[in-house]
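Next come the structures, one after another.
Presented sequentially are two complexes of chain A, the first with chain B as partner and the second with chain C.
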Partner chain A sequence: MPEMIVGKSATKYDAFAKVIGEAQYIQDLTQPRMLWGKILRSSLPHARILNIDTSKAEKLLGVKAVLTAKDLPGRRIGFGNDNEVLKRNKVRCVGDEIAAVAAVDEATAIEAMSLIKVEFEPLTAVFDPELAMAENCNVLVHESRGSNLSLEYHFETDEAALAASLDQAAVVLEDRFTLPFVTSSAMATHGCMALYRNGELTIWTPTQVPFLYQHELMMATGIPGNRIRVIQPTIGGGFGAKLDMYPYEAACVHLSMVTGLPVKIVFTREEEFQASRPRQPMIIDLVTAADRDGHLLARKAKVICDNGAYNSWGSTTPFVGMQTISSLYRVPNVRYDAQIVYTNNPYSGAMRGYGNPQHTFAVESHMDMLAAKLGMDPLTVRLINANQSGDVTPQKMKITSCAFSETLREAGKELGSLPSEPGKLRGKGIAGLLHVGGGARVYRSDGCGAVVKLDDMGRAVLLTGATDMGQGSDTILTQIVAEVLGLEIKDVKVINNDTNLTPWDVGSHASRTTFIAGNAAKIAAEKVRSQLITAAAQILNANPDQLLLRNKRIMVEDAPERFVDIGKIVRSLHFKQDGKLLVGEAFYDPPTEMQDNQFLGNVSAAYAFGAHGVEVEVDRATGVVKVLKVAAAHDVGKAINPLAIQGQIEGGCAMGLGYALSEEMKLREGRVINANFLDYRLLTAVDIPEIEGIIVESDEQEGPFGAKGIGEACCIPTGAAVANAVYAATGVRIKELPITPAKVLEGLNKMRSTFDT
Partner chain B sequence: MTGTLKYETPHSLAELWPLLVSDRELTGFLAGGTDLIVKYKRKQLNLTRFIDLKNIESLKGIWLDENKNLHIGSLTTLTELHTHPLIQKHAPLLAAAARKMASVQIRNRATIGGNLCNAAPSADLAPPLLVLDAVVKLESDQGARELSIKSLFTGPGQTALKIGEVMTEVMVPVSEPSDKVTYLKQGLRQAMDIAMAGVAVKLNMSGNLCQEAAIALGAVAPTPIRVKAAEEWLRGQRINEQSIAKAAELAKIAANPISDVRTTADYRSELVSALVTKAIQECMTQV
Partner chain C sequence: MALISFMINGQPWKGQVEAHETLLDLIRDKLGLTGTKKGCDSGECGACTVILNGLSVNSCIVPALEVEGKEVLTIEGLSRGEVLHPIQEAFISEGAVQCGFCTPGMIMSTKALLDSNPHPSKQEIRQALAGNLCRCTGYGRIVAAVEKAAKMGGDDLAGNDSREISDKV
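Let's look at the complex of A and B:
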């Protein structure tokens, strides 16, 4: 039966509210007698705290509370418990939380901060992860750990086979790729509002993971989890930076506990740059080996991640990067080593792609370099190595639906037809990607709960744990429920922002929401549907198999004049003795497995593939790279909402192009020196070229209506595609992002001087 | 944030002068505010008072005098600069430069006087005004004086304005249709950016011979500068690949750039040479 709603472009569920300014972000929320909180942050990257004098701040008129570590229970927080809400003895990065202030208004809170006197003993700091790991490094970010190594990840296939394949290889490439700090630059900065009253905490916060957050906040504050209610306002962008529970949030809770009043803290843009979680800078030493026909024989990666001062969820990103090294293209022999290294830089976290944009930059640069070395076409070398349906990768990831080859062929197809202008060099490049597309089992559960209730007026309400942080999942979920129940999209409402109401979900991450929450919503709606059909079959005196749900009615398939309105069926069930509610519930947890301690296991129920083709024009005299077009082909399984996919692709490509060309958070002694949108160069509308989204459908059997995730995939290969296009245009290979005009010109000049001599 | 900020709104220069009897060092003149307010909020300025000039009508307006000088009131916004018919006709270089600055919203507020008095080495209006031989009018309670734009900039953020002086007008000699003019700006993105380097060129040709040349650079020295050596070299030259290359080399030598958060000194030097070449080439395509 053809679908009526799924597969057709639908306007975003929240578009109207956002366009007219009605959507309520954390910045908009207020409460009677609400106090403003502010965090006093460290101006030094590494220092012992000798004394904190808050007496003057406490005396300031309008100040209601000033808290330091001594006022708090001293619970450790963060992944690996290496962090504190307020720092007691030592600060480890610029921006570290030292004191929290609550006052009647923001200006008073700011003034109070200026009255707090902190006595520091500055310590030598380390900002370079390689130096931090060096034998002779005498700086320890966390003394008790004895070294600056926070975490290590290691995966390898058979060691002897790997060595043999390297010996046999016709080509062995070995290069270092370097990736900078970038930050997601969500338009809404972080912020939360806490109200602790009668032993119950309500916290309004734009978290991406409300139920994990509830747990983390319990661990951080000591408030029992069953006394914590998390309410999410409209989220103005998450991108991974809102996976962590931040120290300021626990501090805000304590301010409310102390004052008995609601307290709100909102980040300034400068705080957003310095104290939210950027994407990890990485140094990737990559070895790629292939035979003379271009078949990959082996890949080895040694990765150093700048963790910054503490762990965040982002410290686990090698988990994903490792999959790229082991499983993007068919490669039989693999070794992967990653070190997560403490430094006195801001601590990095999750950002769209979760380690994958970095690793894909290295792998896909190497695929092009391999093609050049063998004199092969970059597309051909990719096609002969491309993953296929039915493959099981070295990490035991089971590839189900897979249209990788088709996306590779589509991405570059239309590019490169126009000749270069004088003084300009044109070239096209492609790069592929692999990412989880059917959830990711990184916790014991990768599940999501959903409840669909159908009202007597024929309105469905979906209660789901799934968070929409702007990516559009609410729209997808309403489409799915409307499709199953024969309703219009506008007859379906979503409630997903209150842990008191919504069923459990692990959170919006890993591009999992369409797949996981979509399946949960679909199953819940189908349970309602079967109850409806049973009731309708009686009313219509028909065989349930013959019934069809369309246009808010249930009709007999061959005799559409025999129908009954859905609302009427619900009323018939409500308004009688021993009536019943029409509610369906589901908890969907995909058929996947946790990876074992060898990093083996099928973490996702489906994998997303895709490829970006980029055409650039490089100015020979200035080195300026202009992107003329991006053609982004994605295997999405099934496009539930093609318009939403185009939106994801455009946003992802804009982010990917910024990563490729212009974005870099610059640090001096751990301080972000371009903490504003003038000097941190997000690309603007006029910089963004035509972006052609090419949707390739592979009908994933486990996905809702065949769909797979797309959210992160569309920003992953762009950087490598740009680098490959710049190489095609100029012969200059840039192995360090961003590809600035200065780097390109330096490369061009080097080539010129080589030719001259 | 401690301390109060006084805010005054004189409606004429006559009302302004008495306000400047005291606290002149601690006073900021507010025009568009697109630099001043940002710096103040970042605590880069130690000020106790803003004097808002926007109500002083005599600082507004654009007119042409009988000596073919364009008079541009110092409160003229960047949007007015790039849309006003008189500017488009008589100082097209200035109109084009204004269009390359900031964003629509900022161009609606930012003023020519503010851009010049802020005296950023990268000020986009400075190189065009330098090659156009503009003159600025400075006034105080002591009277008015005129100053060549070349003498206005004395260092990064520093001008020849005396304490208590305000810039009231920018005077630009009318460009002739035969003048070949170009302003090229290179940022890391195509809008809302500050130049890594900016180059303005004005050429007067007689056939293929260069009669007069003016070349100015922005963002590559402590102040926007003219490049005398390159100008003198070009004068009397045929414009061809060799003469352009020499001019570009001389401009590169004249530049004295720094490395900062935007790019490196080395790249800025390279950019000067590339942009001077392109600017002259672009001038030569104008008929």
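Let's look at the complex of A and C:
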């Protein structure tokens, strides 16, 4: 039966509220008698706290509370419990939370902060992860740990076979790739509003993971989880930075507990740069070995990740990066080692791609370098190694649907090398990607709950755990429910932002929402559907197998004049003896497994593949790289909403181009010195070239209507594709992002001097 | 403190403002018009764009005192009740909205552009939006929306806001 709604572009569920300015973000929420909270942050990267004098701040008119560590229960927070809500004895990075203030207005809270006197004993700090791991390093970020190593990851296939393959290889490449700090820069900064009343906490916060957040807040504050209600306002972008429960949020809760009033804290843009979680910088030493025909024989990676001062999600990103090393292209022998190293830098979290943009930059640069070494075409060397449907990778990931080869062909197809102007060099490059596309079992559950209720007027309401942070999952879910129930999209409403109402979900991460929440919504709607059909079969005196749901009606397939309105069926079930409600519920947890301690296991029910093709023009005199075009082909399984996918692809590519060319959070002694949009360069409307999104469908059997996740995939290979295009244009191989004019010029000059001598 | 009066979305407003108060804080906090967003508070992101006497401005760097006797149009003044302005329609239909935090500012910059240049080229559109940052869309859908709005509204776009209504009242 052809689908009526799924597969067709639909406008965004919440777009109307957003274009008239009525969508309420955390910045817009208020409560009667609400206080403004502010956090006093450390200006030093590493220092002992000797004394905090809050007496002057407390006396300021309008100040309702000033809290420091001594006022708090002292619970440890964060992954590995290495962090505190307010720091008691020591600060470990610039921006560390020292005191929290609540006052009648923002200006008073800011003034109160300036009146708090902190006596520090500055300590020597370490900002370079390699120095932090050196034997002679005498700086310990966390003394009790005895070293600056936070975590290690190790995966390997058979050691002897790996060694043998390196011996046999016709080509062995060995290079170091370096990736900078970049940050999500969601247009809406972080913020929360807490109200503690009668033993119950309500917190409004733009978290991507409301139920995990509830748990973390319980651990941080000691408030029982069943007394915590999390409400998400409209979320002004997440990209991973809103996966954490931040120390300021627990501090805000304490301010509300102490004052008995609602308290709101909103980050300034400068705070957002310094104190929200950036993407993890990495140093990747990569070895790639291949035979003389270009078949990959082995890959080895040694990765050093700058964790910053504490563990956030960044410390777990090698879990994803490892999959790129082991499983992007067919490679039989693999070894992967990563070290997560504490420094006195800001601490790294999750950002779209979760370690994958970094690792893909290294792997896909090497694929091009391999092609150059063998005198092969970059596309050919990829195609002969490309993953195929049915493959099981060295980490035991089972590739189901896979249109990788097709995306590689499509991405490069339209890019022609036009004749260059004098002084300009043109070139094109491609790069591929592999990412989870069917959830990711990083917890024992990868589940999402959904409830669909159908009212007597034929209005369906979906209660889902899934969080829409702007990407458009609400729209996708309404399409799925409308499709199953034969309704219009406008007949389906979504409630998804209140833990008191919504069923449990792991959260919006790992590009899992369309796949996981989509399946949950579909199954719940199907349960309503089968009840509807049973009732309609009686009313129409027809066989249930003959019935069709279309246009808010149930009709007999070969006799469409025999129909009954869906609303009428629902009413007939309400207005009768022993009547019933039409409600369907589902909990979808995909058929996957957690990886074991050897990092083996099929973590995702489906994998997303894709490739980006980029054409650039390089100015020989200035080194400036101009991207002329991006062609981004993605294997999405099935496109539920092509317009929404186009939006994801264009946005992902723009983020990838920023990573490639312009974005870098610059640190001096742990302080972000470009903590504003003039100096941290997001690409603007003028900088972005034409981006062609190419949707490739592969019909994933486990996905809802065949769909796979796409959210993160579309920003992953862009950086490598740009670097490859710059090489094709100039012969300069850049192994360190961002690709600044200075680096290109340096490369051009080196080549010139080589020619001269 | 100083007493000022100005027109906001076709309605007069009179009240006290602080010397250091910005137009953004005035319209968000005192007038309750929270459709205009605060993304950076330093004139760099464009989320706070409003139209001041026909020109798009970053309201976070305009002192409230400066608007004395002037006319301000915010996102709330663009639609007529349930009837959306063509720019708003186009932003919806072209998929130009994702998280939506940049959207009001984008729409106001677009309005200022089309008022002065009803049939802009792609390049002119991109130039006009260069001061409005967006992290979600990559701008492509937004440019498409502006092109569509220009086609929908043509030369009539300039008058199509609530100021027209207030004149008649």
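Worth pointing out:
We adopt the following convention: the second predicted complex is superposed on the first by the 756 of 757 C-alpha atoms of A that agree within 3 Å, B and C clash if a C-alpha of one lies under 4 Å from a C-alpha of the other, contacts with A are read in each partner's own complex, and residues count from 1 in each chain.
Everything that follows uses one rule, which is that a residue touches a chain if its C-beta (ideal position, glycine included) is under 8 Å from a C-beta of that chain, and two chains touch if they have at least 3 such contacts.
No experiment lies behind these values; they were computed from the predicted model shown.
Applying the stated contact rule after C-alpha superposition, one finds that A:S114 touches chain B and leaves chain C untouched. Using the contact criterion defined above for the overlaid structures, shared-chain residue A:S662 touches chain B, although it does not reach chain C.
When the shared chain is aligned, no partner comes close enough to touch A:P262: not chain B, not chain C. Between chain B and chain C, more residues of chain A are touched by C. By the touch criterion stated above, A:G719 is placed in contact with neither chain B nor chain C.
After overlaying the two complexes on the shared chain, residue contacts for A:T684 are found with chain B and with chain C alike. Within the superposed three-chain model, A:I673 lies in touch with chain B and out of touch with chain C [touch as defined at top].
Using the contact criterion defined above for the overlaid structures, shared-chain residue A:L745 touches chain B, although it does not reach chain C. Contact with chain B, but none with chain C, is seen for A:V624 once the two complexes are overlaid on the shared chain.
Counting contacts by the rule stated earlier, residues 677-678, 684-686 of chain A appear in both its interface with chain B and its interface with chain C.
Here chain B touches chain A in the complex through residues 1-2, 186, 188-194, 196, 261-264, 266-267, 270-271, 274-275, 277-278, going by the rule given at the top. Against chain B, in their complex, chain A makes its touches with residues 107, 110-111, 114, 619, 621-624, 661-662, 666, 673-674, 677-679, 681, 683-687, 740-742, 745-746, 749. Put simply, chain C touches chain A in their complex at residues 33-42, 44-45, 47, 74-76, 78-79, 84, 88, 91-93, 95, 97-104, 107, 125-127, 129-143. On the side of chain A, the complex with chain C involves touching residues 9, 11-12, 14-25, 27-28, 184-189, 234-237, 239, 268-269, 469-472, 643-644, 646-647, 650-655, 676-678, 682, 684-686, 688, 690-691.
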